[in-house]
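Look for chain A in each of the two complexes below; its partner is chain B in the first and chain C in the second.
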Partner chain A sequence: MSAASADASLGRPKGTRLPRDARTAYLYIAPALLVMAIITFYPLLFQVYISFTDFEFRNLLPNNPANFVGAENYLRIAQDRLNIPNFAFMRMLAFNLWWAASNVVIHVIIGVGVALLLNQPGLRFRRFWRALYILPVVIPPIIVATVWRNMFDTRDGVINQALIGLGGLARIPAEAFEIDWLRAPQDILPLMPLAFFALLIANTWLGWPLNAVVATGALQSIPKELYEAAEMDGAGAWQRFRNVTLVFLRPAMLPYAIYGFVITFNLFYLSFFMTAGGPFGKTELLVTQAFRLASQQRLYGVAAAFAVFMFFILLAITLLVNRAAKATASYDR
Partner chain B sequence: MIRTLKPAGILMSLALVISACSGSAATPVPSISAPDTESNAPASDAPSSDAPTSGEPSGSLSGDFTLWHTYSSGAGTELDALNEVLEQVRAANPELNLEVVEQPFEGVFDRYGLEVAGSGGPDLFIAPNDSLGQLSRDGTILALDDYIGDGLSGTLDLAVEGSQVDGALHQVPESLKAVALYYNADTVDTPPATTDELLAGVENGDYNVGLFGSAGGAYHNFGWWGAFGGQLMDETGTCVADQGGVAEAHAYLADLEAAGVTFYPDFADLSDAFKEGEIDMLVDGPWAAGGYVEAIANLGVAPMPEGPSGPALPLTGVDGWLINPNTEDPQMAVDVALALTSPEAQEIFANTAYHIPAAESVAIDDPISEQFATAVESGLVRPQNVELNNFWGNFGNALDLVLATGADPETTIADACAAMNEANGK
Partner chain C sequence: MTADRTTAGRSRITGLRRKKRYQEYRNLTTRRQLLLQALCLFVALTVLFPIIWVVSLSLDPRGLASADGLNLFPPGANFDNYFEVIERPTSNPVTFWQLAFNSLLLAVGAMVFSVALGVSAAYAFSRLSFRGRNVLMLGILAVLMLPAVAAIAPLFLSLNAVRVGDFNLRQSLVGVGLAVTSGLLPFAIWNLKGYLDTIPKELEEAASVDGATRNQAFRHVILPLAIPALAVTGFLGFVTGWTEFYFSSTFLGEKPGDWTLAVALNSMVGQFATTTPWAKFSAFAVLFALPVSLVYLALQKYIVSGLAIGGVKG
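Moving on to the complex of A and B:
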């Protein structure tokens, strides 16, 4: 094909045969699409299918098809008819939303704050600090959860030991600090047992550094001239922060905050390994409950329905937040 | 040039996909061959016509078999015993090739089930009988009545009964297990014989006691129910725990907690506390004896204390070899299991790993094993009916509620029983 004929083919109207280069491009992506169809789309569709059946372990064996049960699995979940102790879907959903929202807000605030500090001119060892703050992210999650769980241990945990040490200075008896962080059954505030705060502290330690990295990148892309122009216009520090820094941070931070919300909403390992969903299921997340339904209860049909619920909940949240914040829109539009 | 490379690129991409999807000849395959139609038959199918029916190992066992066990999860003594038994069986049967695979206990039943569902898995599998009933109902273990012949002629009735699901034999029994009271004889002169003595001893500060207190403690604390006259299910599988005895047992545990007994939410912490001398007593099973013998110079074992209604009734489970329905030669697999559970083999396990033999003829000399044998005899054969599945969560939660929140035992037990019955459709 000559260059001229190739150029001409680019201008073909819709509905006509694809140009040769485009066909080649489709051929190139076909293998990847095929692999995705097998390992991603088929399991997803199969999951939706089994969510409408009473699929259990025995149905994994040959010639044991599951029975179609319609929307029964969805109804059992929504109406708390799973006969699992402490299972309350709406409470779990409310806790899960609160857990994700509270974490993201704290992570973004600390992340942006630290990024601003690290962005100050004249700061020494800037690269060292940035490397140091990213360390929590590279530690394997199971180790993070185990270490924090041990730190919150009632008898031997370093948190209580530190509190006992500090309390000793004020002559407060050590017994006052035998705090059962992970198992105390009472709620401090609605939806917030003590274990929630233990999880929040652990996840804050883990979550803010990447926010700081994203914010740092965004801060460095802000043209200095804008600050100079704002200063010349008489803008104070707060106005410069509000009208320049925040405006330029938004396109980077909002999508990352949405991403962080989804990640935190589905954060399996802290709830599973630190509190095991306790006390009395109060820190159970939808994702850990889905795992228990599949792995421990072996109610695969119900677990699939649960996962479908989770998908639509997250989809709705993402669309709502995205629409409200116009997060994916560029700041120069 | 580019045009020349395009087809080559496409071909390479396709080759990558095809090779990724098809596997490779060098990829290791499971040791179990894909079963033929016959060996994939349901658990109740009869053996092939040429299969021997005596069930007695002939001394000339042959073939390739894969064995799974979880003995590395215990104190290590069970693994030593298994290795000794394997050595003897291999020496006696040179044509027999046994491939032994250690499995971590956590999640082993799921792993086994998934392997079997995928037409694979080990030929033989031994694990605590926590899931015997479930495995049978799932169809992932073979019913053995057609293969066992008179292979269990010298086996305790209790062991045979505990190896059955709905009247059909589903494992070759090896040993019996139940929990009892471990104590440090250096600090406890005489272990409490009654629940009143235990409570008084704790109140008086005679000894420190630790028990397993979280939602996972339903098994270890089950024995108290019988001491107070409680019963879990009637013959129809309906929960009757709300009809007296069980609430009293939980109230007693709450009294123990108020008196100073530490209820550990994590069993490993409880076990460590005993080994390190922080507590003088705990309730645990014979599988942990090796670790305690190592840690406590003067270890004693006694039955759980009697209550106002009689002896404590811990659940007596029977461990045994399970046979995979995918195995190519079920009869030979059963014969291998019988060789691994011969009286000689059980004697090795009894002497090395504190197992309580399932065979009548094996004498127990070790004082710790003797005490466990007493606990086993007085225990309640662990039910294998489907209704038991809804016991653990509901009554574990009830135990946790009573101990952690001070919930009223009577109401809590009534709620747990109602929830269990509702889940079981009773």
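Moving on to the complex of A and C:
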């Protein structure tokens, strides 16, 4: 992925008459660079600047410049000294990491499971099932999130309605299923209120199909002879799975799992629309908090400092997982 | 399964073994086939369930304040909710078409800008060497690492500073479009560069031997070959604009005529919506999702393989 390796692979073709001089390159890149300089890179530098000021809503009025406050915004965030209910930075970060990790593990397991199912030799209607399973991917996430918000509604949601229907068969009164999925305040497990599980269910629905696509590709690249050789060597079904299937799945699934981790870590819509960060900020993610700080609290200086924190957290995650991936990629072909 | 034929010359024993396994593969026992089909059907039902639910809710003519049990086939299903929501999706006097038109402007703007500017920059990054190349690539990667919403505060303040008379760039669709492009353009460059890297250099060199200039090689060799990538990148840009929520909900003013579909959706089901008209919501959600979902489904083969490699900035 690094720029340097891309450069090296390019090389310098000899004897070509195409001009490779810098002037041509700058002509090609100038329009995009000019636009990015103004709307991408400048705002990000400006972000660092305002993160050291107390810029907030009142400073939007003319002749009301913000004051330079040094690292105060960063300290207020790190020490939870913002006047925002339920703001707890370290708990939010811990929840966010757990949210991404737990989701990705489930996505990979179900994705691989369904890929194995569809890869069963002799299975009928394989292409039909495969085409159907891709549906969650093509629906915009904002719609997915709002539809699941509706499904988990305490009174009108289909989840509770279905539970009432099922419970009725066992003569359980309907009142038992007035489950407040998205707002019940108690933690079921540490860091995990009921809302976490509602989000997890919605995101599992959304997340596994792409993993199944990647796993299917990897499974199809396994030569059949390997299974036969393993069988002749007396390997049982489990050993064949471990020593052949997993070995081939791993190099394909690992990069995708890392990608999935980052995507899930930054998944805005489910948390924002289903739980609105609740109950009591327990399902707030860094992205939704960043949005709220700028959009609702209108603390632009704090929001900027928060975004800088996010940048370093994401940088650390990217570097760490890349490193872990390299260290464990011993099976790489 | 063709392995059978190619190994025919090998030892008889292995050959027989293969043959036996081959038959096992072809003929799953009926029981096993049924079991696997039942599993597939179960997975399909979990996938379809939310989709069926929202469609049936949108067709329910009773406009119930609350659900009356699990009812996937509402009696007397019709399209009344759709007509109602097209006429007036929110409590404000704007039609669905006005909102959709604003979303469409945003989507087309984001798509055209990011692809048109992105492809020539991607070409420079893929084929040319120049001073500052590596620094710029790192800069683009760093931007891609940060989710789009993280730039919301500086974008708000920068765009808010541009005022001409009564016009405030921040409150306009143009301003929102610029904010969307801010994150989309680096993504488009990165995505397109990845694709251009896979086009063999020899093609341009052949063109140059025939006397083509750099620009001609780009226009007549590279661009036609890059059409699938341009289509996918453009479509992803379109979807980003069509469903954009962070900037349009924060930047656009109080005038509902400026709103986009995503802003209206938020006013229906968002944090500050007191009671949600679920029947109208579901019709709105179907109308909102259907156009992009259908195109996504058609382009799915190309997008999914790209997704597995690159990533979308959202």
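To be clear about the criterion, the second predicted complex is superposed on the first by the 268 of 333 C-alpha atoms of A that agree within 3 Å, B and C clash if a C-alpha of one lies under 4 Å from a C-alpha of the other, contacts with A are read in each partner's own complex, and residues count from 1 in each chain.
Throughout what follows, contacts are C-beta pairs under 8 Å (C-beta built on N, C-alpha and C of every residue); 3 or more make two chains touch, one makes a residue touch a chain.
Quick caveat, the model's predicted, so the values are computed rather than measured.
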Requested in this report: Return first, second, both or neither, reflecting whether A:Ala237 touches chain B, chain C, both chains, or no partner chain.
Outcome: neither
Query - Partner chain in contact with A:Ala170 - chain B first, chain C second, else both or neither - result: neither
Requested in this report: Would you mind checking which one, chain B or chain C, touches more residues on chain A?
Outcome: C
Query raised in the report: With the two structures laid over each other on chain A, which partner does A:Tyr28 touch: chain B (first), chain C (second), both, or neither?
Result: both
Query raised in the report: Which partner does A:Leu60 contact after superposing on A: first (chain B), second (chain C), both, neither?
Result: both
Report task. Applying the touch criterion given at the start, work out whether A:Ala324 contacts chain B, chain C, both or neither, answering first, second, both or neither. Result -> neither
Requested in this report: Would you sort A:Met90 into first (chain B), second (chain C), both or neither based on which partner it touches?
Outcome: neither
Query raised in the report: Can A:Leu189 be said to touch chain B (first), chain C (second), both, or neither?
Result: neither
Requested in this report: Using the touch definition from the top, say if A:Ser295 reaches chain B (first), chain C (second), both or neither.
Outcome: both
Report task. Considering only the touch criterion stated at the top, classify A:Ile263 as touching first (chain B), second (chain C), both, or neither. Result -> second
Report summary line: Going through chain A, the residues touched by chain B and also by chain C turn out to be 24, 28, 31, 35, 60, 295
Query raised in the report: chain C touches which residues of chain A in the complex?
Result: 1, 3-4, 6-7, 10, 12-13, 16-20, 22, 24-26, 28-29, 31-33, 35-36, 39-44, 46-47, 50, 55, 60, 114, 117-118, 120-125, 129, 132-144, 146-151, 153, 155-158, 161-162, 164-165, 205, 209-210, 213-214, 217, 224-225, 228, 231-232, 256, 259, 262-263, 266, 268-269, 273, 276, 287, 290-291, 293-295, 300-301, 303-304, 307, 310-311, 314-315, 318
Query raised in the report: Across the complex, what residues on chain B touch chain A?
Result: 6, 9-10, 13-14, 16-17, 20-21, 40, 107, 110, 113-114, 116-117, 119, 137-140, 215, 265, 390, 393-394, 396-397, 400-401, 404-405, 419, 422-423
Query raised in the report: chain A touches which residues of chain C in the complex?
Result: 3, 14, 17-18, 21, 24-28, 33, 36-37, 39-40, 43-44, 46-48, 50-51, 53-54, 57, 66-67, 69-70, 113, 117-118, 120-121, 123-131, 133-134, 136-139, 141-143, 145-147, 149-158, 160, 178-179, 181-183, 185-186, 189, 197, 201, 204-205, 208-209, 213-214, 217-218, 239, 242-243, 245-246, 249-250, 262, 265-266, 268-271, 276, 278, 281-282, 285, 288-289, 292-293, 296-297, 300, 304, 307-308, 311, 314
Query - In the complex, chain A residues that touch chain B - result: 24, 27-28, 31, 34-35, 38, 57-58, 60-62, 64, 83-86, 183, 185, 278-280, 295, 298
